[in-house]
Amino acid sequence: MADSPVLDLGFAQLDLGREERQGVAEVVYGPGKTREQITGIAAGLLAHNTGPVLVTRVDRETADVVRGQVGGGDYDADARLLCWRPAPAGDFTVAVVSAGTADWPAAAEARAVAAAIGLGTAVIHDVGVAGLDRVLAVRDQLRSCDAVIVVAGMEGALASVVGGLVASPVIAVPTSAGYGSSFEGITALLAMHASCAAGITVVGIDSGFGAAMAVHRIARTVAGAR
Amino acid sequence: MADSPVLDLGFAQLDLGREERQGVAEVVYGPGKTREQITGIAAGLLAHNTGPVLVTRVDRETADVVRGQVGGGDYDADARLLCWRPAPAGDFTVAVVSAGTADWPAAAEARAVAAAIGLGTAVIHDVGVAGLDRVLAVRDQLRSCDAVIVVAGMEGALASVVGGLVASPVIAVPTSAGYGSSFEGITALLAMHASCAAGITVVGIDSGFGAAMAVHRIARTVAGAR
Amino acid sequence: MADSPVLDLGFAQLDLGREERQGVAEVVYGPGKTREQITGIAAGLLAHNTGPVLVTRVDRETADVVRGQVGGGDYDADARLLCWRPAPAGDFTVAVVSAGTADWPAAAEARAVAAAIGLGTAVIHDVGVAGLDRVLAVRDQLRSCDAVIVVAGMEGALASVVGGLVASPVIAVPTSAGYGSSFEGITALLAMHASCAAGITVVGIDSGFGAAMAVHRIARTVAGAR
Amino acid sequence: MADSPVLDLGFAQLDLGREERQGVAEVVYGPGKTREQITGIAAGLLAHNTGPVLVTRVDRETADVVRGQVGGGDYDADARLLCWRPAPAGDFTVAVVSAGTADWPAAAEARAVAAAIGLGTAVIHDVGVAGLDRVLAVRDQLRSCDAVIVVAGMEGALASVVGGLVASPVIAVPTSAGYGSSFEGITALLAMHASCAAGITVVGIDSGFGAAMAVHRIARTVAGAR
Amino acid sequence: MADSPVLDLGFAQLDLGREERQGVAEVVYGPGKTREQITGIAAGLLAHNTGPVLVTRVDRETADVVRGQVGGGDYDADARLLCWRPAPAGDFTVAVVSAGTADWPAAAEARAVAAAIGLGTAVIHDVGVAGLDRVLAVRDQLRSCDAVIVVAGMEGALASVVGGLVASPVIAVPTSAGYGSSFEGITALLAMHASCAAGITVVGIDSGFGAAMAVHRIARTVAGAR
Amino acid sequence: MADSPVLDLGFAQLDLGREERQGVAEVVYGPGKTREQITGIAAGLLAHNTGPVLVTRVDRETADVVRGQVGGGDYDADARLLCWRPAPAGDFTVAVVSAGTADWPAAAEARAVAAAIGLGTAVIHDVGVAGLDRVLAVRDQLRSCDAVIVVAGMEGALASVVGGLVASPVIAVPTSAGYGSSFEGITALLAMHASCAAGITVVGIDSGFGAAMAVHRIARTVAGAR
Amino acid sequence: MADSPVLDLGFAQLDLGREERQGVAEVVYGPGKTREQITGIAAGLLAHNTGPVLVTRVDRETADVVRGQVGGGDYDADARLLCWRPAPAGDFTVAVVSAGTADWPAAAEARAVAAAIGLGTAVIHDVGVAGLDRVLAVRDQLRSCDAVIVVAGMEGALASVVGGLVASPVIAVPTSAGYGSSFEGITALLAMHASCAAGITVVGIDSGFGAAMAVHRIARTVAGAR
Amino acid sequence: MADSPVLDLGFAQLDLGREERQGVAEVVYGPGKTREQITGIAAGLLAHNTGPVLVTRVDRETADVVRGQVGGGDYDADARLLCWRPAPAGDFTVAVVSAGTADWPAAAEARAVAAAIGLGTAVIHDVGVAGLDRVLAVRDQLRSCDAVIVVAGMEGALASVVGGLVASPVIAVPTSAGYGSSFEGITALLAMHASCAAGITVVGIDSGFGAAMAVHRIARTVAGAR
């Protein structure tokens, strides 16, 4: 096995080959890292890779400090995403659909990461199933996209409904939004896994990032087929 | 407090006043009781009360033995319900809606208990949300009923959808049907509690009986108002 | 299916048809929404619906800001409820019974929402079952109401006791009050579902709002029967 | 520390000093042991101790085989208890109260073990809180006993109610009886721990044995005081 | 049933008969109550009962304010207990044994409540089983007491060890002390329930108060026997 | 909304439009259905749709009876799948990789369903990460496929490792295989959701069917792009 | 990386290099495998490796069939272990200590696997902490061994006690033995992880095999040091 | 049994014999202790023992205060460890391997405690399995150590992979690092217990201290063998 290039920063080992292997460089998860560490990792990735470099779940202050050190970069406050060298939008379009306004943080992360890695995005929000006309009204729009990310907390029923309406890949993101018996997203996670709609897949709680990366894998396969 | 009449059978204390207090005599839960005990309790209730007498969750053999001892009675195999002196149907009609064929046992129990205590019933089954047209097709029928019992396992999303479609009371019954990540009804129970549709209430897992009795309470209130 | 009217605010899709469909306009859940969003939604609902408009779980500061923008409205600090155009009280009366003083926030929400949507309310508090005479003392009062909301944390036993005393609909609200082994309301939720009193229904943890809306569904059915 | 006498049977180490140390010899838990092992242990305890010898949770066949080998002994089929040399009844009386007929196995074990080790027993069954008059009717009887064992499954509310009615020690036994959301006794166990009645204590699920032994400890203390 | 006296304070219903019925007046759980409510309840109990009045889980500031209003009273900062009219110590002595220094808050509450209601107390702390000599060294002291409260977090093994050493009643208090896999006391609670030592009973997590009240019930029975 | 065709069989409502809407007719989940019901549903789907008809989780006896009634059909005993009119294999190839021999049932279902609906399949089994050379040896084969289904029980680590090796879509199937602390697949389900490999998606426990259907959605999108 | 030798049996990939890499060939977990598969795997390992070959968790019938096909081999019914070519006993001795007779199956597996791979073993059983003298009596024997495997169900307290008595490595095996609140070993697993004795490690529920293999790793390190 | 020396500080009982019995004096767990208590305990241990004295999980301020009182001592901020009289490094070397940068706090504690008690340490971090080349690159280094501590959160797969690569003892530390579905380390804990790599052992969540102490036990055994 040919060794993949690794950059040893002392406090981290950058997997430099990931960009070639998987199409996107390592994405940096911000929480638990110091600003110096984020700066060092971002600089290393920017120097040794050529495509988008992303840091997720960072607040604006951290983003500003890191951008001051590294130079360049854009910060999306809703998505809490810091990004350099976003990819140009390709032909593949993903719909990001959310059930309620409280699901916006995860939906925003999904949208921003998807856009940063070159996917076309369409955002549809607040179409929870208690008022079914709202989701039925956007059925054609959903069907026109190549994939759908469904972001929902509480009971997560929107994933089942959308899964029954479209034929394209559906990635469900359970969110920690909700109250009462939502149990920080566990209820939605279980419900999405027990969905009666066939072929839905699920990512981790609040992981808009994970959903966008799952779509990225699909889009690569489609691009290879074109 | 005036003491309520109690019949002491040695192995059980029959709460004879419940029929007057709540409109239906004590309902006998079959499992864990011997055939002799069921026979004794049923005979006692028939002798000291005047309305319907019900035994739930009994198999046909037990039902036959008990009926041989007590005399009379009808057995509904789908509902596993043994019943004497069913009440005549009143004006109140409840729809019993199920998401899939596997939810039938709980739905059958709800229907049979409801009918035995004098509620009109309409059964609608297999209208899970993965094919939304099925539930939309019965929307008017649902709206014409005085209450709706929604019976669903897996992710239980049908409760949220029905809750948004009708204005009448909706009682959700999570079922242990399902597989994978249904966890014997826990997923549906949690999801129904976290429902985004306001004013839905939930009873215990597989408790078609509990749902029918909840509707009985509502129907009594309505009857009092008429 | 005739499309239901929807008002698109950009960040939210108001289900304007809900008031006609279910008798109460969309109720706004406050947490996770900015003051601007709450203001926009409330203004939209007030303009396009004619009945009560409610925002739940808001603190006084937020309420003051929103009221300053929208004009009018009343704030109930105990219930944390912001309300415009409350409905006149109808004939249907619901008792709101709580087990202890720590259950008051959820009971207050149930009472305030119920009153705002036109239900008569009677509040009875601190009648936990460790001193049984307290609940026995109000038995007649409970029986004179059309429905009972039981609000209890800890082991939630009050729901079973009340369920055995009255014949009317009983909606149980498990609360996160309690300590030791109450587990933020899970113990009460499970206990209420496993209640030996037939026909009790349960709503989500701390959901005084959900209980009031469940009673609203019942009251509508009763009103239709009158 | 003076070594306590131990009898090594190869497959088991009998703690012969326990009878002197705690007033009752080691009690043998039957499940998972072969008939030969039970026989050997019982014979050893009978030979080296002087008071009652008990084997719990054995079926009749096993009991018959063991009694055939060891000689003597009585078998209580309801309690599934095999017993030699029961102690004469002393002055201390415990009430064993159960909520429903399905709780009888655990209640029978509590009663039989208590009787075998010399406690007076009074059995009261089927006084669940859905028909409150039943438990109120036996209040004076409960108050006349020195301690109360409350055996209840489902939501376990009887423990809270009894705890509020009597001043004597109350030991609660959650049972695995129940269905729907009883979760094999977990619901009752949690509910009993979260009880609003002060000073209730709880033993393991279905552990009628544990409750009887807890009362034994109390009775010893009382006897020491007399 | 003769009605028990109740004092209606508007926000609370004082069960004035509890002192006569159970030997100690209602104990006030502080959290979730305003200082005005605590003041009102304490004043009411002091006026209408004659024995000890206790408020648990209050901070010093609250205690000072309440004492300023009501007059008198003592505050124990370790136990967070506010107490008026403590009972004179009787003949019954309880040992309060803790496994580690982190278990002190629950142990202090057990000790202070026990003392306030007239029990003699002996405190033994930091005798966790990892250094078994420590608990063996106090074996005789433990055996000389009438009952033992074992306070332990983490794996709670001290309860099993003490249960095997003494013949008197053992009440185990699982605490939320601990880290790693202690899960806020759940591990200790389950372990204490699964204890191999017969006749141990368990109260709620951190409930030193509950343990003291359980001993109170035992001591009353002993006193009745003397 | 144009109504979708539904065939009402009395005991089931067939969603006949699903084949056109989503590319595969309703798939019948066998458990909980009688042989007569399965026969009726299969006959209905064969008559009103034109593509593959599948029944999952059926034993051979049931399959033989149904095939005797309906005519035709093939039964795959490993996959427990009954199938009529399988689709011809298209250009899209999915690898089905399993961690151990105990994962074969779920892997066999994934493979058989995938093949029946027209996907090319490559099966690679027993490449658990404890012997890493095994999965490294098939890395090129994995990379040559359009998507990968990873089937693993126990700790599910294979999903993370494969997710890091390939750039194509990875669908993880947690299985109930395993012992000790596998908890019927819950451990694997949680671990796959917490995977450090970005863009992995997860389906329900043991749901080889769900994984195959998820790949079907991807393959449709790819086919649309070609 | 030099590829490790793999033997492809069609249904399994044997990691032939594991014996050289880790000192023991792959151990075959029996459940879920057909007798033909076990026979094939055992024959393959015997042909291509030189040391012990083990199959765990097999019943006698399966063992007899496999031995009939493969030739040779010994079956240990207590441990449910099938073994060929056991290693000669080395200098390293492990004590296998169990808390009760019900823990014997896991203890027997630990002992038999340890012996088969060349460890000296000393078995000490039934020394649960409720009779502390029993474990204190074997303290010196425990201290004379190079490592200790503690096998315990219920509350698992023996692990903490042994951990405090010896200085050598302690591997704790939680067992599913126990009842009431043992929850199939979860209680013991959590309790062992929360142990107050420093440096204890834990393996999976009932995994006598895992504990023996953990000691094997330690013994190899010791052997390298000698 | 000869009594082990105990130093009674009033608020704590120091197990002075532990150093002789187990090779390291009692280690002080900081949280929940006052600075005065920590000072008293540390001074007592320093006076009555001769080897290393450690206080874990203390912040710098506390450390400074205690050091000011006691004199001497070193503080490691990453490990939050306060240490006096560290042992000289012996021949035994342990590798501390972490999966990601967020696992550093637990890894730092493992490293610092190991070093303080005389073990040689090698730190390797950020070698998560999503980029497998990183861990393969350090395989030889891992194999050259006498034991390996694997520190990983999220899905904890690194433990299985390392367990398959090395033959020496592997102690897995699940960490609370991670998000989405990591559940504060529970996912990693369960996954490590269900690992397919034989002979891995697990310590409590985030317990770098526990892992270091487990290695200490192994190193003592090795040292005894040399």
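As written, the chains take the letters A, B, C, D, E, F, G and H, and residue 1 is the first residue of each chain.
As a working rule, a contact is a pair of C-beta atoms (placed from the backbone, for glycine too) under 8 Å apart; a residue touches a chain by one contact, two chains touch by 3 or more.
Predicted model, so just to flag it, every value in this text is computed and none were measured.
Participant: Touching chain B and chain H alike: which chains?
Facilitator: Touching chain B as well as chain H, we find A, F.
Participant: With residue numbers as the basis of comparison, which of the pairs C-D, G-H or A-C duplicates the interface of B-D in over half of its contact pairs?
Facilitator: The same interface as B-D is formed by A-C.
Participant: By mean C-alpha position, what chain is farthest away from chain E?
Facilitator: Chain centre farthest from chain E's centre: F.
Participant: When the centre of a chain is set as the mean of its C-alpha atoms, what distance in Å lies between chain B and chain F?
Facilitator: It comes to 36 Å between the two C-alpha centres.
Participant: Could you put a whole-Å number on the gap between the CA centroids of chain D and chain H?
Facilitator: Averaging C-alpha atoms per chain gives centres 44 Å apart.
Participant: I'd like the Å distance between the centres of chain A and chain E, where a centre is the mean of that chain's Cα atoms.
Facilitator: From the centre of chain A to the centre of chain E is 51 Å.
Participant: I need the residues of chain B touching at least two other chains; which ones are they?
Facilitator: Expected reply: 1, 130-131, 136, 165, 180-181, 189, 193-194, 198, 203-205, 210.
Participant: Under the stated touch criterion, can you name all the chain pairs that qualify?
Facilitator: A-B, A-C, A-F, A-H, B-C, B-D, B-F, C-D, C-E, D-E, D-G, E-G, E-H, F-G, F-H, G-H
Participant: Contact residues on chain D for chain C in the complex?
Facilitator: By the definition above, chain D touches chain C via 99-100, 128-132, 136, 153-157, 160-161, 163-165, 178, 180-183, 186-188, 190-198.
Participant: Note which residues of chain A are touching chain H in the complex, please.
Facilitator: Per the stated touch rule, the residues are 1, 3-4, 6, 11-13, 15, 17-18, 26, 29, 31-33, 37, 57, 189, 203-207, 210.
Participant: Using the touch definition up top, name the residues of chain F that touch chain G in the complex.
Facilitator: 101-102, 104, 125-127, 130-131, 133-134, 136-137, 177, 179-181
Participant: Under the stated contact criterion, what part of chain E meets chain D in this complex?
Facilitator: 1, 21-24, 27, 91, 136, 146-147, 165-171, 189, 193-194, 198-205, 209-210, 212-218, 220-222, 224-226
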